[in-house]
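Working notes, structure below.
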Amino acid sequence: MIHNNLAGQGVVSDLMKPSLFRIESWKRESPDVFTMSFLPKDGMGGVGENPGFTFLPGQFNMIYIFGLGEVPISISGDPAPGLPLIHTTRSVGAVTQGMSLLRPGAEVGVRGPFGNHWPVERAWDKDLILVAGGIGLAPLRPVIYSVLNSRNKFGKVILLIGSKTPSEMVFRGELRDWDRSKLMEIHLTVDRGSKSWRGSLGVVTKFVPAISFEPENALAMICGPEVMMHFTIDALKKRGMQPEDIYVSMERNMKCAVGYYGHCQYGPHFICKNGPIFPYSEIEGIFREPEV
Amino acid sequence: MRSKTIKVDLLARVEGEGALHVKINQGVLKEVQLKIFEPPRFFEAFLRGRDFREAPDITSRICGICPIAYQLSASLAMEEICGIKVEGQLQELRRLIYAGEWIESHVLHVFMLNAPDFFEVPSVVHLAQVHPEMVTTALRLKKLGNTLMAIVGGREVHPVNLRVGGFYKAPAKKVLRDLLPEIRWAREAAIRMAMVISGWEFREFTRDYHYMALSSPDTYAVIEGSLASNRGVDVPVSKYDEILTESHLAHSTALHSRTRDGGTCLMGPLARYNLNYDHLSSGARELAVTMGLQRTCHNPFRGIQIRMVEFVHALDEAERIIEQYEVPSRSFMEVEPGAGTGYGCTEAPRGSCYHRYTINKEGIITDAKIVAPTSVNQGPIEEDLWDIVAHNMHLSDDQIKFICERAIRNYDPCISCSTHFLKLTVDRE
Amino acid sequence: MKIIERSNFGRLIELLKEAGYEVYGPRALDGGLVYDHIEKDSDLPEGYKDQQGKGLYRLEKSGDPYLFGFAVGSQSWKKFLHPAEQRLWKAKKTGNGFTLLDPEPEPRPRMAFIGVRACEISAMTIQQKVYEQAAALSGNPATPDAPPFIVAVNCTHPSNNCFCTSMDTGPRVRSGFDISLTEILEDHSHYFIGESGSERGADLLAQIPSRQATEAEISRGKAATDKAAQSISRSLDTHGLKELLYQNYNHPSWEAVADRCLSCGNCTMVCPTCFCSSVEDTIDVTGQYAERWNKWDSCFSIDFSYIHGGPVRNSVKSRYRQWMTHKLATWIDQFGTSGCVGCGRCITWCPVGIDITEEASTIRNSPKTQEP
Amino acid sequence: MNAQPIESILADHPFFKEIPREHLARVALQATISRFDKGEVIFREGSDARNFYLVLKGRVIIETLLPHQGLVNIQTVEAGEMLGWSWLVPPFRYRFGARTVQPTELAIFNGKHLLEVFEKDPQLGYQFLRRVLVAITERLEQTRLQLLNIYDNPVK
Amino acid sequence: MPKSGKPKLAVWKFASCDGCQLSLLDCEDQLLSIAGKIEIANFAEASSAIVKGPYDLSLVEGSITTEHDEERIHQVRKASRFLVTIGACATSGGIQALRNFSDVKEFISLVYARPQYISTLRKSTAIADHVKVDFELRGCPVSKDQLLEVITAYLGKKKPNIPNYSVCMECKLRGVVCVMVSQGKICMGPVTQAGCHALCPSCNRGCYSCFGPKETANSSSLAGWFLQKGASREEIVRLFRGFNGNADAFRKESEYYEE
């Protein structure tokens, strides 16, 4: 039977209604990147006893700032239950710029979580290669938390991070801690060094040939600009990794997050619901086509 | 007394940009200049080579304040050439949208441009702080004019629905009838506001003007009639060029439109009122009486009252037309081009807007002439200014400036219109 | 099956109105056939036929009294089921945040559609799938509204641009209707062969003055739609079309069509299955009230694919390719069906007459297989 | 010092991945292993290009001297990468300088000697130069990516 | 922003008909709300009170046609933090840019008795040809709803919802039957930017492109189609040479057909 889809009055309208969350903390990560934590506002969102936010690593929320609009932002916090919702984002448009001006106490609208997630459990007993470019580390951070929460389930964990400059590298404090913990191997590189930068200079793919892991028993998760993912995939394949073991996070214009508004189509996929994370094998045919 | 110059570098609350220079030397008034520094836009030139059907749309862009005047003057001229005459419901619809333009323009002038003078505040926004009720009423009245324009014409500024021969699409009966309650409210409100205005103080000032306007034996002429004056002019519109010509005057750098004998004449509400009083709606005449106006009025400072009278007249017209409106079977009359010259003149809120076109048999315009009322009114404006300044030289510069600005605003001069023929001088040191 | 005489057709509309439905059907308005509110059978475009071509539509008097002697309306029923512009919610600024205001209760009419074609029912079913998938994500797949009452009319007058036979969506309806009708005009008789597709359809049909159809009449009805099917000359070869398009992302024909394509979006707007929309968040000048609106959008607009830094699909080539590949190929992966029902609207209403069937066959005739 | 024989050290380096044993042995004869402290200059910009290097451990920075800016860092060369190919192309001078940023271990080959070996064994020369070419291509690709400024904020 | 907390608004006029700035006064329902949010600091048509700059938001109407205006626009830019051009004149040169296709001297002598008094530039050009423009609002005249949206967006520091897609989109959103396809009327809608809510087609006439070219306007395809459908080359020239005739996508097309 044909239903009446009247978008404004049906389920879609409900899906498009945000719940109110209050900003609990605000922290600057780099000149234009900041991290905020949120808790549901009392009586909103039906969370009740458990004030936390349940999600899987790699999922995203639609964040609405009153009057300014709504943007998709991946969740960058710890997926363990009962914790506040954490988002890290960069001021790139009017909404995120407006968001960057908000401080604890302010309220925002949240819809989510949406999208699929990084296959963390598939990486059990395997080496895990995480490759992040710029702000791409934010959606991978929940994976790192998951790994650290049960470190012994994984083989080698190698984190490769590329960034434009040292000052634009996010989560620097945590990176230092993780590095010291020796629980994972971390390689950082920047495109342009500062005078004091003694780390690596160049693109993140440069580490791939030299790191030591078992390509046939490894999983890679990549998040960053598409061109960086291209080269990283190439480098990983050259090391012998299979396309189905390489996961990438794609980006398109997301409006509704439920596959209803169509903007985020990527070939046969809707980034918002079939993605944002894809095994490379699934998108291999279109990944290198321009303007898909 | 030393020599001095009173300058108003940018006339405020007039449409378009102009300036006023008054030069007084040793206590003797030497020069009064209303300067226009609107850049020229060459409408008459680029109309050449365009299709005759394009003239209404193109010429409306001369003035965003009174586009209907241009669209209809152009259409009338073209229809004359092509030998058709728009009548009946289509003519009524033209009257209706013109009433909308009068309503919108008169409210704009009365409340937003002129009224602040009476309270010595700079703008309608400031006026809203003193008389909030008056301003909200005015805005609602203005909106009614715009709504009429939008319903009949598609939009408020540069409507798209008018064409040579009529309209692209006739409005539905219901949307028009739905406006009747608002029109009736508007009349009550207009009368109420008119009475408030009548309580304001008007400068005593009269001159013996040569009034000129369209005049018709049957109606308060807007889109019909002949060109008539209180000094015996009564000619068809096609003789406009024989009555009024453009000339250079020694004291001014602008082209002025003058009568053949070099005299000035005044167009607009005051002229129409004085020439066509008998054809005002009874409600409008009643209001004039209640406001204490005579059958004639020679004080341009009372222009604001005359506009209220015309405003009520326009509302009455709108009501009358809507009440008897039936959707016409055809929204326009077919027009085939025929070579020739045609003339069109209609009463813009500020006065007669005259168009003359010559087209060839393909319908391509080969010559165009457009005279906006402001170019005619520049003469009486400058004469008023001479008079006022001469009689008020004892006042301070600021006071003179203020009175002069008000005297100019009496005419609601639309400088944007004028600029395609007014000479530009840039003399701003 | 029942026979309803033409003279009793008006009863159908009356009965629907009596049952509380707002009735919508085709009307001849502004030079086109528009699905609009109808009050009585004389509102229907009796005696009209349509002439359709590439970028061409003419509604003309046919000289015969058919009520449904044309193909499909200029826009589809989508405008009722998935409105072009609709407010999703309103909110007011409060303290540090905002409060969603309860939507003012709007009376929601139960709708009845008269004259729905088979291709259009297919389109509705396809859009329904999109909707259901989205609703399923909410975890609350509530049935939204009362389904519209559908009076389908089997197509006997397909246009030059119709290719429902290729898409297996017509001209005869199979399901998804409450009542289906076949309009038969013979020498001296004019009647409808009616069939119910649902309980409520049967109830309503029972109330219309009618009689049982004879075998001859039933076969006449069948012949009318068979004839319609045979008269359809346009075709789209769907065999392996998905794979074909997947393999031809770089076919030179995309460039060629981009030279002609105006990227105006008409094809997507008139398409009965195109569902892409935009969200518009607005705020009033005081900064106190905000609203969210739902508005049809098109993959042909450059901002459609905008991500920070710029649009993904800059070139018209990529936009046309996205649309056609989505419609005919990726749709199948997404929703298990083609996104095209063969109604021909995109061909008719393209201002420069681009023809999706022609574009598809160009690629089929000179496939450029690319390395995997 | 290194207990491991040079040949097996080189065998572990990605540059020589899958190179025939006899070739490796011949090349290994040309290599010396050398340790650099943090901040030591390996070669200077403009100096005669004598050597070919493989980074075994540590990190080397490629730098250039810019008027007004002093030494500017361009790229780093990590363990597992090669360094220095100017001995192969005229005018046989280093276009950039190289300096360690960590304690670094390098395998050093004299370019002239290598060329002599290649003359005698073109098969080896071909194997070797192909690897150099791959490395250069990778370096070029990386440089292009760096130029693209891919992580930059698009709205800035 | 000034100490009062309200940003300052200035409205500037160059060669134009005043219609676009009038659109601001035509926002009858919102005018006082706007005045409550933003200080009308320099708007000669509406107020004789001129507050000194700099101005937070400048709305610029009109095109540049004189040497003096060429200088003045730079002063305006200097005095403005955020500069929005409003209307076809300011965004493309307007109808007066038709002079650009002719000999302006001839134009002057046609219209003026004393050509030597006229000082004018050879071309009428858009504001963005002279100074950096932060946002361009199209239309002849602008849509007052869009004007409000720009002001509201400015106040709310958001991106204005101003689509740059075609008029056809709005035509279909509105449910209007295409006048070109169904009646054979010439319509510029497919290459014209939306914003008018498909005003002309809703009045049963073809669009004449008040809003200028849409993004990626394929003028040559549409012009070719017109030609194929029987339009003369002269007609095509006139079509593309209207209120936005100086906009790139249209100018090139009219020049191509003029030859």
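Read from first to last, the chains carry the letters A, B, C, D and E; within each, the first residue is number 1.
We adopt the following convention: a residue touches a chain if its C-beta (ideal position, glycine included) is under 8 Å from a C-beta of that chain, and two chains touch if they have at least 3 such contacts.
If you're wondering where the values come from, they're calculated on a predicted model, not measured in any experiment.
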item	value
Given chain B and chain D, the chains that contact each of them	none
Most remote chain, CA-based centroid, reference being chain B	D
Central chain of the complex, centres being mean CA coordinates	E
Label of the chain whose CA centroid is most distant from the centroid of chain C	D
Pair of chains joined by more contacts [C-beta pairs], B-E or C-E	B-E
Between chain C and chain D, centroid-to-centroid distance (C-alpha), Å	65
Centre-to-centre distance between chain C and chain B (centres being mean Cα positions), rounded to whole Å	51
Chain centre separation (chain D, chain E; CA means) in Å	60
Approximate Å spacing (C-alpha centroids) for the pair chain A, chain C	38
Multi-chain contact sites of chain E, meaning residues that touch two or more partners	156, 158, 204
Residues within chain A bordering two or more other chains	67-69, 92-93
Two or more partner chains touched - positions in chain B	none
Contacting chain pairs - touch in the sense defined above	A-C, A-D, A-E, B-E, C-D, C-E
Residues of chain D touching chain A in the complex	14, 59, 61-62, 73-76, 78-81, 101-102, 138, 141-142, 145-146, 148-156
In the complex, chain E residues that touch chain B	13-23, 25-26, 28-29, 31-32, 35, 40, 43-50, 65-66, 68-69, 94-96, 98-99, 102, 104, 106-108, 110-114, 117-120, 140-141, 144, 196, 199-200, 202-205, 208, 210, 235, 238, 243
Residue ranges of chain A in contact with chain E within the complex	67-69, 93-95, 97-98
Residues on chain B engaged by chain E in the complex (per definition of touch)	10-17, 37-46, 48, 50-51, 54, 57-58, 61-65, 67, 108, 112, 116, 122-126, 128, 135-136, 139-140, 142-143, 146, 154-158, 160-161, 163, 167-169, 246, 248, 253, 255, 331, 405, 414, 416-417, 420-421, 423-426
Residues of chain D that touch chain C when the two form their complex	154-155
